[in-house]
Every structure is written in C-alpha cells, then in structure tokens.
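When the chains are written out, they are named A, B, C, D and E in that same order, and each has its own residue count from 1.
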Amino acid sequence: MMAGEAMSAAPSLCTRELSIRFGGHVAVNQVTADFYPGTLTVIVGPNGAGKTTYFNLISGQLPASAGSVHLFGVDITAKGAAERTRRGIGRAFQLTNLFPNLSVMENVRLAVQSRAGLGLNIFSLWSSHASLLKRAEHYLDKVALADRRSDKVSALSHGDKRKLEVAILLALEPEIMMFDEPTAGMSVDEVPVVLDLIHQVKAERKKTILLVEHKMDVVRSLADRIIVLHNGALVADGEPVSVMASAIVQEAYLGVAPETREEQHV
Amino acid sequence: MSDTILTLAGVHTHIGEYHILQGVDMQVPRGGLSVLLGRNGAGKTTTLRTIMGLWKASKGKIHFDGRDITAMATPDIAQLGIAYVPESMAIFSDLTVKENLLLAARNGPLDNSRVEWICGFFPALKKFWNYPAGNLSGGQKQMVAIARAIVEPRKLILVDEPTKGLAPAIILSLMAAFNELKASDTTILLVEQNFNFVRKLGDTVAVMDDGRVVHTGGMQALAEDNDLQQHLLGLSLAAHQ
Amino acid sequence: MTDTVLDNTAKPEVASLPTAPRDIWPLILVPALALLMLPLVGSFPTWITLTVAGLAMGMMIFIMASGLTLIFGLMDVLNFGHGAFVSVGAFVATLVLLPMHGWMEADSLLMNLAALGLAILLAMLATGLLGWAFERVIIMPVYGQHLKQILITMGGMIVAEQMINVIWGAEQIPLPLPTSLRGSILLGDAAIEKYRLIAVVVGLLVFIAMFLVLNRSKLGLLIRAGVENGEMVEALGYRIRRLFVLVFAAGSALAGLGGVMWGLYKESLTAAMGGDIMVMVFIVIIIGGLGSVGGCFIGALLMALVANYAGFLVPKLALVSNILLMIAVLLWRPTGLYTVVRR
Amino acid sequence: QDLKIALIAGKTGALEAYAKETETGFMMGLEYLTGGKMEINGRKVKVIVKDDQGKPDLGRTMLAEAFGDDKADIAVGTTSSGSAVAMLPVAEEYKKVLIVEPAVADAITGEKWNRYIFRTSRNSTQDGLAGASTIKAGGSIAFLAQDYAFGRDGVKAAKDALGTVGAKAKVVHEEYAAQNTTDFTAAAQRIFDVLKDKPEPRILQIIWSGASPMNKLADMKPERFGITLAPGGNILPIMKNWKTYAGTQGAIYYYYDFPKNKINDWFVAEHNKRYKAPPDFFTAGGFAAASAVYTAISKAKSTDTEKLITAMEGMEFDTPKGKMNFRKEDHQAMQSMYHFKIKKDQKNEWDLLELVREIPASDLPVPLKNKR
Amino acid sequence: MNAMKQILSDDFPRNRWLGLILVAIFFGLAFAPFITSGARPLNTAATICVYIVLVASYDLLLGYTGIVSFAHTMFFGIGAYGIGLALASGTPSWGLAAVGMLAALLVTLVLALIVGLFALRVRAIFYAMITLAVASSFAVLASQLSDFTGGEDGKTFSVPALLSPAYRLFEAEIFGRVVDGKVITYYIVFISCALLFLFLLRVVNSPFGRVLQAIRENDFRAEALGYRTVYYRILANCIAALVAAMAGALMALWLRYVGPKTMLSFEVMTDILLIVVIGGMGTMYGAVVGATLFILAQNYLKSLMAVASSSLADVPLLASALHPDRWMLWLGVLFVVSIYFFPVGIVGKLRGSGKRD
C-alpha cells in the first residue's frame, strides 16, 4: 500500500472484501481499502465502475452482499444509513437529492439538527434553538447561498442545488466526508467556491475525505491519493502521479495513448 | 430557406412570479454546433426548455426552420424534428435501456445499424440493453439520455450539459459522436460548462448572464481571447490545475 | 411486433445482462389452492360447485377491478370513484334491458344475449364517455398527487351516485336475469349457474384483450414512461394527454362492463352497489400488485375461491377471509403478487 | 296553536327508499283521515320531517331537537332499528310520546321499552309467528340469516314462534352468512348438505333484510333435494324478481291486494294515481302510524302526554291493514299478517302475490318481553 | 406576546383575515351555550370541537408526515367505545369513565404500534390500502361482538350525574340557558379539545415536527441525514392515534352513545379527509377552519337547500337535485370544487404560497 507510510496512525475507515451484486451483475467486487484522517482520497474510474455504489455501501444506502465496513475499528456493516450518519459518515449525492419543497435554510437546518441529535425533541420549539439557526446560516454563507435562504429548493438552478448538497454535508460535520462529483454541472466560476471549501476542510488535516471526480484538473489539484475502480474492482491505489500514469487509467479511463494526454484537461 | 435554423428574438420567460429570461436574442446557424455558455442560474436551461415549449415564452418570438413555434405544444415542436437532452437526463427508470430508445424512435422500430453506431460510442448501453435504466450509473444514464436524442435522425438537437458526470474517455467518444452528427448535417445547440470540451467542438458561441445573451460570436475568437473568457465566464484555467 | 425486431439486433460484444426470468409462482397459487381444498371439502360435487362458482365470481370481480388497476398501473391515478362507474354501467344497462324485457323474457338464448350485448355496448359507451369527462374535469388537476386523487374522485363518486338517485330515483331497480341464463346446469350433483358461465367467458375475453394491448404494443411503455415524466414523453413528440384520457376512458368502460355483469348477478340495482364492493376491489388489486393486470386476475380468482371455501368450511372466517388473504399475500410479497411500478 | 307532529326517518343513506315510503304513507294517512283539511280537533296539523340518515346518534339529536327546539307534541319514527332504540330514552327525558314505525327490533317493545313508547310496525316476533304459521305440517326447517344482531334475533324469534304455534317441524340447521355476502353458493351447499336427508317436507326459511338471496338459492335448484324455500315478504321491487318461482310461500306484513277495506281501497287507488305504482309495505306502515296519531289525539282531545298515553293504551285504530290496537302492557300494535304464495300467471308487472290466508292477530300471540 | 408565542408554539396565523376568522371561531365556540339556544346549535358546536381535534391529529399524519391512513376512525372508535362500554357496564361513575379511557388508550397504543411496525415500511399507497382493510375489518368485528358492543345498533349509556341533562348547576337561567349537565359536558369537551389542539400545534412546531416534514418531502434523504424514519413515522402514528382516541372519548361522552355508524364508518373517514384538504394540509389551523365550515355545512346545508329547491320548484331536474334529501350531492360537489379552488386549502390560500423557514 504505497500511500500508507505517508499516513498517520490508524485508518478511520476501512472496507474489507466489500462486494455487492445485482442479479448477475457484480457492481462492486471485493474492494479492500483503508482511509486515513487528514488525507483526501480521490476515486476515479469509468462510468459504471462502481464508485457511487461503493459510496452507497459505505454510507449504508445499499446492503453489502459480502465483506465488511469498519469505522474507527468498529464493524458497522450491519448498521443502517441513519445510524452510520450519526456515527460520522457524511455523504453528498451525485444526483442531487434534497427536500424540494422546503426552503434552502430548512434543508441545512435539518442537517444541523440531526447533528445536534434533537430530532426526537417534541416539546420545545424549533425556533427556540437559536444556535442551530446560527450554524445553518454559517454553512449557507460558506457556499454563498445565504441570499437564497428562504427560496424553495425546487426554484434553484442546478448549480445552486449542487452547492446546497455540499452545504448539507458540511453541516453534518462528519468525520468521514464523501463527495460524489460535487462540481458536476457547476459553472466554471462556481467550481472554485466548492473546491476552496474542500481545500479548507482538507487543510485542517482532521477529516477523512473521499471524492469521486471526473475532472482531471480538479483531481490533480486535490488528491493526496487516488484509487481506481474498474468493473467494480480496485485496480490501482497510490500517489496521484504514478496512478495517473498507469496504463489501466490511460486506456480504460482517460481513453488516450500516453503522449497525447497532456492537453486532456477534460 | 435561410441558413439559420433557429432564431430567438427578444424572448421573455416567466416561471411563477420569477422573471427568468429577459429578452434572449440568438441565432443558430444550420448544420453547425452552437454553444450556449453562462454561469449557474444564467438561464441556459430555461432557454432550452422555452424552445421546447416546456416553459411558454411570455414575450418574443421563436422560429424554427422558418416556422413560428413560439406558441406550439411540445409534442408538435418535437415532431418538427427537434430532440432534447434535458439537464436532469429524465430517463425513464421503470423502462429498460432498450425500451427507452424504443420510445425515442418515434417512427416505428429501432434501426439496428444506427443502434450499433450509437453503441460504438457508448458500449455500456449494449451491456445494459435489457436492464432497468433506473439502475444505471449517473454517467450511464447520461449516455442513455444522449442516445435517445440521436437514435433517429433529427434536424436540431438541444443538449443540456451532456458531459457532466462523464468519464474523460466517454467525453472523447461524445466529441466524436457530435462531429459525425455535424457531418450528417444535424444542427446541435449545446449548453455546456466544460469550456475545454466545447472549445474544440463549437462553431459559434453565445454567452448568457441574468437571462440575457451578453455575447455572441465565433468559438475560435473566444477560444483565442483569454481576457474575453476571463471577462465573460470568470474563467481562469490556471486556478486549479 | 417491435419485440421481434429488437431481439435480432446483432448481439453485443460486451456480454449483455440477461433479462429477469418470468415469475410463475403466483400462477400456481390458484390450482394449488383448489386442489388443496378438495380433501377438506370432502364431497367432489360440492367441491366442483364451490370451485366453479368461485372462479366465476372471481371473473366478475376481475372485470370490475381490471379498469382500476389499469388506470393505476399506467397513469398512477387512484380512482376511488371507480365504484360509481360500476353503478352507472348497471343503471345505463337498464335503459336497454327494461324496455327490451320482451327479448329478455323470450326463451331463445340468442335474443337474450343480443339484448345483453346491446346493454353492455351502451353501458360501456356511456361509462367510457363519462370517464373521459371525469378525467378532463376531475383528474386533470391532480395528476401525481395521490391524496388529492383519492379525495377528488371520492367527491366525484358521491356526485355520480347522487345523480343516479336524482335521475332514476332512490328505490331499488329490479333487473331480472334473462330467462335462458337463469337456473343452473347440473353435472351429477354439482349445480353450476348458467349466468356464471357467461361471466367466465367475458372475464377471459377482457383479460386476453388487455394482455395483448399492453404487452404487444408501445402503448404500455409509453404510458408508463408518461407517468414517470410526462414532460419528457412530450419532448419525444407524443401527445401524452390524449393517451391518458384514452386509458382512463377505457378503464371506466371496463368498470361499466363490470357493472352490467354485477347488476345482472345481483338482479336489483342501487346507486351504492358500486361503492359497496370497492373495498373488495381494492383488496384484489393490492393482492395482485397495484397496476398489474395479471396479478389482478389471479388476485380476483384467489379471493373469490377463498371466500367460497371459507364460507363452506368455517363460515365465521368468511367475514374476514379477504383481509386475511391480503395480509398473507403481503407477508409473502410486500408489494403484491406482481410488482409493476417502483413508485 | 298548531299541532306539531315530528316524523323522523332515514331519508338519506342506505334506507332512503324505505324512508320515502314511510313519509308518503304518513302524509296520505293524515290527508285521508282529516278529509284533506289537515286538522285535528280544529287544530292545524304541522308535520316536521327530520332525517336521521339511519344513524343512531342523529336519531337522538333529531328527536331531542323535535321535542326541545321545535316543541313537537308527538313524534313518529324511525326507519333504522338502531336509531329507534337510541331514541327511546330521549322520549322519556322529554316526557313525550314516540310512536315507533317501521323499526322491528323486539327490544323496542322489550327490555329497552319505556311507557312513552308505542309501536305501529310489527316486531320480529310477529314476523316469526307469521312465518311459523305458514308451516303447517311437520318436517325439517333450516334458517338462512345475516350474521348480525338483526339476523340472529329473527331466527330466535322464528324458533320461539314455531314453539308457540306448536308446529311439529324440527329446526335442523341455522346458517348465518356474512352481511356483505354476495356469493351464496357456500351457504347454500352447507344447508343442502344438512337438509337433503332430513324428513320431508324440507323447508329453508330466509330471514334477510335488504335484497334477499332468494333467487340465488332458487337458481341452485333446491327442489332436486326436495327443499322448498320460504322467503319472508319483501318490498315490491325485490319480489318482482321472484315471478319465476311461482308457488313459493311465505308470510308478509302488507301486500296492497290483500286487505279488503275502504281505507285500503282509497289508499291503493290514490297511490296508483299519484305514483304510478301500488303502495308498498313501508307506505302502509306510514299510514298506520298517521292513523294512530290521529285517533289518539282526537280521542284524548288534547296533546298532553299523560292524556295521550291513557287514551292510547288499548286504543283501536283503522289502517290499510284493517284494525290494529295497542295492547296495554307493551304498547305493541297487535295486527294481522298475511300468508302469501307467489302467483303463476301475473296479469301486470305489480301483480305478484296471491293470498293463501290472512293470519288474524289472535293467531299471533306475541309474548310480553318488557319489564313493567 | 411572548406568552402567546409559547401558547401558539410560535405558529401564528400570519394573515389578518385568518387571524380574525380563528378568533371568531374561538369565541364562538367558547360562548356557544349562551349565544345560541336549543339542542342543535350546542350539538353542532360540540361536534365542531371534537372534529377540530380529530382532524388536527390526522393532519399530523397526512399533512406533516405524508402518511395516508384510513385507520384513523378506528382509533376514534376505540376511544369512544372505551368510554361507552365502561359507562354502560355499571352505574355510571367517573371511576368507570377513567378505567374505560385508560383501557382505550392502551388498546390504541398497542394497535397503532402493531399497524405501524407492520405496515409503515411498505410503500405509502399500500399503507393506505392496508389501513383501509384493517379499519373495515375492525368495524365488522365491532358489529359482530354484538353482546359486548351492541352490534350495529351500538350502545346508549348514561353518564355521571353531574353531566346528565337532569343536573342543574344553578336554578336560574343564564343568558336564557339553564346551566344543566349538557352545558357542563360541553365545557369539558371544549376545554379538553382546546388543550389537545394546542398540544398538537406544539408537536408540529417542535424539532420533531420539522423532521416529519422532511420525511414527507424525501424520506430517503431524511434517513441519510441520520433520522431513523421508521421510528419517526411510528411515533407520529402513535401520537395521532392517541389524540384521535381521546377525541372519540369526548364524542361518546357528548352523545352518550357509541355505535359503528357514528364512530367507525368510512363516512367519518372521508369527512376527515375532506376537512383536512379544505382547511389546508400541513397547517394545523386548517383543521379549525375546515371543521367549522364543514360541520356547519353538514348541519345547515339541508335547511338552505330546502329554501333553494322550493324557490326553484318549477325547474324539474334542478328542483329534484336541490331537494334536501340530495344534500350529499352538494357535499360531493363541495369535495370537488374545494380541491379545485383551494389546492392548498383555505388556510394555505389565505397565507398565500408564503415562504416557510
């Protein structure tokens, strides 16, 4: 495990032989990997390689057919999505997935509230928890959506929805942060906003960050380590440069011969 | 007839109480690939939806192939030979890939050779031919959405951010596909964020901001002129590389 | 048939994933149940009587339920007003049958059937049109909102029932069976009512017709797609609205047909006759799996059979046999015998 | 001032048809008896019609309203037995007379009875007795009834009745089918299986409220087991479907062609004139109730409750069925019933039954069930 | 103001007209016995009170959690039968009433839990159907155990002396109304209903209530945010059921009668549904406005129609359509029209499609 020595202490998240099959089709095939606090791991691979599904298995949206997931050494394979979130696995979805008829503000507030574990509080007033509101505001500012605070989410443009996804993830303040193509469909001048956010979190060197991204320039600018999935299997894992150079990535993923690759900033 | 296939003249669109498009003027030359750029919320998607008649223009005129389609119903517009790849992909998740394409082929059964041609670009479609499209991966859904638009020859294809979520390799084949379509004189109107992608494809370009077209011209010109890019798109390729 | 064309598309070099195999277990249920009951019932003629009667009753229920499940499966509309169409169908039939009682009482099967056929035609026409109007006026504003559909269609139902009372009066209207369909055929000691045989025939016809239309044409696909994303279907160039209204009219016409059959079975009509059996009908389409015509068919047969066997073996259970059956099925398959839609 | 009579009936909902008939009969009754002047003892009669939708709670409210708000002097009602039973205490609260029509539950003149309650309609027991008296010879009897209070009461009453009239027939089976039963095959099979090898004559008596399963059973050819059906009388639209079973016998409360008296002649003629159909038995009931009210008030020469009660106990009054009288002990109107046979050659669409024999009240010894 | 904020759980009408209407309704109900006379108005008022709570509790399920249930009347009925059977079982006393109440609440809780655990996992529409079936079989059961429940006819029972019409609080009339047991009962009903409603108002404006709305919007996402949706659904289900049961108990206490037609029939269910929608889903106040309008309509529509039809006597079909016995027809029309014109309900309409935070 090449990147191993670069990393400190025990892994925060591990998957062991993690697999899932849909009917005859193995979407994730015995993926074993460790993820360490303070490192940002980018997961790349062709469409349908199993990246999102791998995320789903980690965050508990899908039940594993085989293998296990460990969080801080605890086996959480049997736990449900909600439980895992409460234990610190946060997730931003690839296909935007929000509360369309609630306000932008409420979307974030709900995340904060969940973090604060106030969900089952029946007798207090939601509005009486000013601290939650303040924190929600804070995260809205971070993604520059504060001015759309009280619009319905369904009225946001695609890009803004993507940003809200990120805001919600941040608001959950998880130990493990999983971004699934956060910048997809985001305009070129908005992309930096999100990337800078990820940079900041990364700079704290506390959180474990997993990032699925197809934009090579983004990958280069962020990755400490790159994992490559292909047909559900883990085919490469290590320092960005070397992994990007590897043949499998060149053909299966970038789909180009090495010499022409430099101008492929796509 | 004229060599601009699609013309928008002072198009306004309201959604509920919001005034989204505030006078869009745009020409799409026949047989070329025109690109529509602009930051999030500029109104690109709304423009495409207005052309398709999915939002009704509250003011202004839209002409396609010399016909006024401003007030036409969506199906009729589609039947004039316009295909649409929406931002949300809008694939039918209950239906298999095959069935998705089958529906797109309005004039009867699928043309196998053309299906082959498409699957040449997107092999995944073949693999998941009889698979519920809802179970596909994000990128694969995107492929289905594009395939649906080109499964039969159309005069004009409106494509909303096709590259989002596509792996580089697939983006390359998408480029190839678009080039071949252009060759078979299909006009393409492409909404895109990924400048690196369109700079190689585009013939003409229009840039939107706040529901207006703020710049139109040749792609070449824009591609050369970094300051213009900077000024129009806040684009600085240096930023993250 | 489009399928054939597609199946000989050159096989992909990437091994294509196989389609899911046909699921036959539900098909076995009905015969299995019947055979299982034979020893319990004991006497063979009794068993025949019960079974045939059950199947026939099932067919009648199916006819009434099919329209509902069709409308739900294809258009995702829950029509609680369906019962009203059943009633209307029956009442419209009287417009033909009562004046033509000459033909009905005539001793020739042909004349009887002719009168019956005419009544059915008129009833289906009327309910079809009514359905068309219903869709335009009542359903249109509430596509995709189940709850509002439930309410607004309930409202429609009340209005329809009350209108029946306004037009035909509140008294029960007698609707005698045609002479040659009365009574039963004796096979040894087993008695089989003639009318039930008619029901079986009609039921089968309806089932086959629906099956063909839905599986052998683009229609089914189109409408299912339309439910998920009408905008996109329109963007592909299809007039989805027209399709929907057609389906709805068809479903209503089926209800009308069911109404005629049901009315003749009960032989006296009340405005509420349709509403009264709605719960039963709903249970059937749930058992079958909302939206699945095949499932609905099996479900209907199952329910009628169970009711008969229960009624014979432990009458007390007959009261709740439907519910028990439903719970049993849902425990086995939480979305009914056949799952059509993921919604 | 005006004389206020409240008429409460289930005018909307399941029982609408019946309630309408009651109302018609009641109005025609008053019209006939007051000679069209609608006056009793020179006081103008005002009928307040109320709808309890067959719901007991509404029944109570309506009656309370009638006595409390509308200051009705006397009340008549109601269609649903449940609702009628719920009304009884209200009459007692307001100390006003309530004439029950057409509810049949025995309890009304039984354990739920109080001294303000009179009843013109027959009760289940009378039905039972009448039914029993149509069964002369011995043999075996099976019952088919709905599986709820009404059905079980009916069967019980019928069985007691067989005892009272001293019929030799033995009850061999009681079949209770669910109220919502639509398919009677199972029930029929069970009954046939029991009955088919019991001593003849084999009679299957049907006690069913609402649309009777008579046809369904007949269609299964009970005759092949030597079983004859004995349906209770039913409303005309239903009996219309029975013409194919000519010869079948039973007992009924009223059939327009049976009673021979001038009230009935006027009643039938007038009803035919106005509604293009002969009066049905709820209509007759309504008429009877009207007559009870009229006779009582004219006899008491006042609407004071106590005076009314004294006047009404044992009072005799004329109805389309001939004379009825409220017996002193439980205020049940004693009346004759009819033993009918379904006609073979029917002259017109409403020519359905022929009279076998009128069963005089004396043959219907209803036991007293009320505590007094 | 702040006290008000606490009482109304910071969920103000947010519209002048709505505010006025609500205040009017409140005072109307509070003084009903003295501003009206006779049995009917008081009965109407009491029914309104009970239905406000019943509907509000249903709105918690439907409008806030997005659960379509047809078993709500079942719980309503259980509450009613609890009180009814208890009081009918012996000489009526507060003790008996309490016992009946507790028993009812217990049964309710258990049933709600079972139904919830079994059915809340399946798809919404299936849940609706299952509850429909369960409810109807429960009604069958009620009419089957006739020795115990009084069957179809139900049971009339008497209440503790204090509440019986015979009881007089003072001899003198007050504003032309003798303060008898009925009036006392009315105030018991009114006050309990007010309290229950405020409780529900608090629930939906608590953090918990907000999660329910999230679940309604997108349960998958709610789960991903760390909320165990099943628990939340079940809890909501239980709260709603319990409140419904209490409403039922109050209804029984008022009517001094229990029976399937009044407490368990599907009609009651449709009434509830309609009221929720007319009033406005997901706005507790909708229950107040809706219930008031609807019950008033139900009680006085016929009188109105009587006038209308007699004035139109010469127009054949219309006259018969306006005949009081056809009031259901117009109720049906009301169904359709109200959903047409108030897609967001009256309250929703008044508040305008106002932005919520």
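As a working rule, a contact is a pair of C-beta atoms (placed from the backbone, for glycine too) under 8 Å apart; a residue touches a chain by one contact, two chains touch by 3 or more.
This is a predicted model, so every value here is computed, not measured.
**Student:** Quick check on the contact graph: shortest path length from chain B to chain D, in steps?
**Tutor:** Shortest path length, in steps: 2.
**Student:** Using C-alpha centres only, name the chain that sits farthest from chain C.
**Tutor:** Computed centres place A farthest from chain C.
**Student:** On a CA-centroid basis, which chain has its centre farthest from chain E's?
**Tutor:** For chain E, the chain whose C-alpha mean is farthest off is B.
**Student:** With chain centres defined as C-alpha means, what is the inter-centre distance between chain B and chain E in Å?
**Tutor:** 53
**Student:** Find the geometric centre of each of chain C and chain D from their Cα atoms only, then give the gap between the two centres in Å, rounded to an integer.
**Tutor:** Each chain's C-alpha centroid was found; their separation is 38 Å.
**Student:** Starting from the mean Cα coordinates of chain B and chain C, work out the distance between those two points in Å.
**Tutor:** 44
**Student:** As a quick test, compute the distance in whole Å between the mean CA positions of chain D and chain E.
**Tutor:** That pair's centroid distance is 37 Å.
**Student:** Touching at least two other chains at once: which residues of chain C meet that condition?
**Tutor:** 17-18, 165, 170, 319
**Student:** If you look at chain D, which of its residues touch at least two other chains?
**Tutor:** Residues 16, 20, 147.
**Student:** Where in chain E do residues touch at least two different other chains?
**Tutor:** Residues 144, 325, 328 of chain E touch two or more partner chains.
**Student:** If you look only at chain E, which of its residues touch chain C in the complex?
**Tutor:** 62, 68, 121-126, 128-130, 132-134, 136-137, 140, 144, 270, 273-274, 277, 281, 317, 320-321, 325-326, 328-329, 331-336, 339-340, 343
**Student:** Using the touch rule from the top, collect the residues of chain D that touch chain E in their complex.
**Tutor:** These residues of chain D touch chain E: 11-12, 16, 20, 51, 54-57, 60-61, 64-65, 68-69, 81-82, 85-86, 89, 93, 105, 147-150, 152, 179.
**Student:** Considering the complex alone, what residue numbers of chain B touch chain A?
**Tutor:** 15-16, 18, 38-42, 45, 87, 124, 131, 135-140, 142-143, 161, 163-173, 193-197, 233-235, 237, 239-241
**Student:** Quick one: in the complex, what on chain E touches chain A?
**Tutor:** By the definition above, chain E touches chain A via 9-10, 202-203, 205-211, 213-214, 217-218, 220-229, 231-232, 235, 355-357.
**Student:** Which residues of chain C touch chain E in the complex?
**Tutor:** Chain C residues touching chain E: 78, 137-138, 141-142, 146-148, 150-152, 154-159, 161-163, 165-166, 170, 279, 282-283, 286, 290, 319-320, 322-323, 326-327, 330, 334-336, 343.
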